[in-house]
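I have a structure I would like to understand better, so I am pasting it below and will then ask my questions one at a time.
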Amino acid sequence: MTIHETAIIGQNVTIADDVNIGPFTIIHSNVEIAGNTNIGSYCELGVPNNLGKVDTTIIDTDSTIRSHSIIYAGCGFGPGLTTGHRVTIRENTYAGINFQVGTLSDIQGDCSMGDNVRFHSNVHICKTSKIGNCVWVFPFTVLTNDPHPPSEILTGPIIEDFSIVATGSILLPGSIVRKNSMVGAATVVKGEVPIGTICVGNPGKIVGKTSKILHKGDGKPAYPWYRHFRRGYPAGALPEIFDENF
Amino acid sequence: MTIHETAIIGQNVTIADDVNIGPFTIIHSNVEIAGNTNIGSYCELGVPNNLGKVDTTIIDTDSTIRSHSIIYAGCGFGPGLTTGHRVTIRENTYAGINFQVGTLSDIQGDCSMGDNVRFHSNVHICKTSKIGNCVWVFPFTVLTNDPHPPSEILTGPIIEDFSIVATGSILLPGSIVRKNSMVGAATVVKGEVPIGTICVGNPGKIVGKTSKILHKGDGKPAYPWYRHFRRGYPAGALPEIFDENF
Amino acid sequence: MTIHETAIIGQNVTIADDVNIGPFTIIHSNVEIAGNTNIGSYCELGVPNNLGKVDTTIIDTDSTIRSHSIIYAGCGFGPGLTTGHRVTIRENTYAGINFQVGTLSDIQGDCSMGDNVRFHSNVHICKTSKIGNCVWVFPFTVLTNDPHPPSEILTGPIIEDFSIVATGSILLPGSIVRKNSMVGAATVVKGEVPIGTICVGNPGKIVGKTSKILHKGDGKPAYPWYRHFRRGYPAGALPEIFDENF
């Protein structure tokens, strides 16, 4: 364990033996950090906030939290959490194993991610969002929850397993991206994207099945993506058998 | 008053008795911080810059500045300033009471906001913007000011009282969003949005009066929004009597 | 030379005599900082990473790195580097002289910029991008490289000399913006934008030559922009003779 001498550690903090904590980082009270985890500099973990349903913050094994990241009290993550720099995660956010969230991403809290979810840089996840397993969200995508802002009604989007939301998309309140779907770049999604379909444009329209997008290497369908891309996934996370013709 | 021992305080700084200042925060010279104010960690207030019209920085009573925020010298805010994390506010920015500005927002300076203005996360406000009272701007909205970039001509947008700009919109140089209007998500606004109208699309088009958007709860017009949403506004800030048929 | 007492300096670091380094900044090992350079607070320069082709980080003369910026080991910049706040630059990024990169910008590494390139706030540059000389990229523009994400194929965009990409645009994988072109705000670029043309819309369409955009001051063509805007460019950087009728 290496805790830099300038780091500030609160009360009731549990830190495993093989954890590194960088300079100028603040670990607030009631944080648990499991083994083989690296925490960069200028991070704040376990920021206290009276909106958290619990006071604890759980960082599990094999995690990497890059510098300038902020995680509020009341969050929990499975093993293998990896953040970019300047990630902000508010209270009551839960994610399964191997959650990766890119630089500048802003998770507003009161939301959940399944296992093996990957957010690229500068993704904005609104409150009450529900994200399944093995979902990818690309840069500058924004999930929204208020149908007529400002109001007290919050209906965060749902993204189901294995779906992809490409760069610069907006998911409107209450939208649902069903399993194995593909939302193209700069798309504004309203309502439901059916299983295994492509949604593109503003307003977003369903233009066909994902199987019509061909891989530039082998010329076969590029989706479901786990046919050709399996890097970094643990055994069993991705289907071994799949149907290109949803 | 609690100033963390690692904070750095410049010269000619005035800090009221009941102010808290977090670890690793820098208060540069000529900053005034009034009572009942909390300033998080890793903040820089009063960053000196020769573009500021004055050297002072005024943080009034009852303010909350969250961690990693940066405010330049030459800015002033009314009571009740609330920032998210990583907010950047450049010189010659002025706002009235209860200005709320979300995480990652970037205010470029030489601009003004009225009373009770609320910016959500990652809003970009260009120089020479003028924003009225009780305006809402939602995430990833960008105000722009150069009609043929790069040039020396700057004509920042105007947003008038009670108007709403939804997620991911761009206000082109010289655009004017008149009072009580609604700019929909992912809209590119050019020219004028008349009072009480809805502008949507790229390029943005006026598609009707805001009164045609119905509240999902009570089925009545959702706009003007202050009919159904008044949380957090002080007495007198919002009209008590209003006309749904602008 | 003024290195704040709270700054942390690694091994094998070379710092010229007239360099200032702000509070709480970390200079990792193998960083070279040349003369007349100012580095703000909370910066991390030379972040070690096994993806860097070299271990060194070169900050040349007359540079300004604003607070909260992060630069990885394996990057090199010509004289006159200027960053906004919270800039993130990953490994194997190279830029020529006078590179200016605005607040919140996120450069993902493995990419290059020529001389006198200017990025405004919150620009996202993907891996394998190639950017020429005297290019301007405006806020919230995203360059993307994966034609069917996620995949192992990376084909970053190319932006050639003197071209402009306006606010909120997305350059799709493999797109090429040829010399002296203008991509309008909120445009999604696919394929090639020919020399001296305007591309606007989603999907982006070529709508004419840049010479048809007239300067609001003198009524002459606003492009090529260096006819009327030359502020901050060194002698010889911009053409003295040019043709408005590409």
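Letters A, B and C mark the chains as written, and numbering starts fresh at 1 in each.
Just so it is clear, contacts are C-beta pairs under 8 Å (C-beta built on N, C-alpha and C of every residue); 3 or more make two chains touch, one makes a residue touch a chain.
Note that the structure is predicted; figures quoted are calculated from it, not measured.
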item	value
Type of subunit B:subunit C copy interface by residue overlap (half), same or different	different
Equivalent-chain rotation between subunit C and subunit A, CA atoms, steps of 5 degrees	120
Chain centre separation in whole Å, for subunit C relative to subunit B (CA means)	27
Multi-chain contact sites of subunit B, meaning residues that touch two or more partners	6, 24, 42, 68, 86, 104, 122, 140, 202
Subunit C-facing residues of subunit B, complex	6, 8, 24, 26, 42, 44, 47, 68, 70, 86, 88, 104, 106, 108, 122, 124, 140, 142, 144, 147-153, 170, 172, 188, 202
Subunit C to subunit B touching residues, read off their complex	6, 23-24, 41-42, 67-68, 84-86, 103-104, 118, 121-122, 136, 138-140, 164, 166-168, 185-186, 201-202, 213, 215-217, 222-223, 225, 228-229, 231
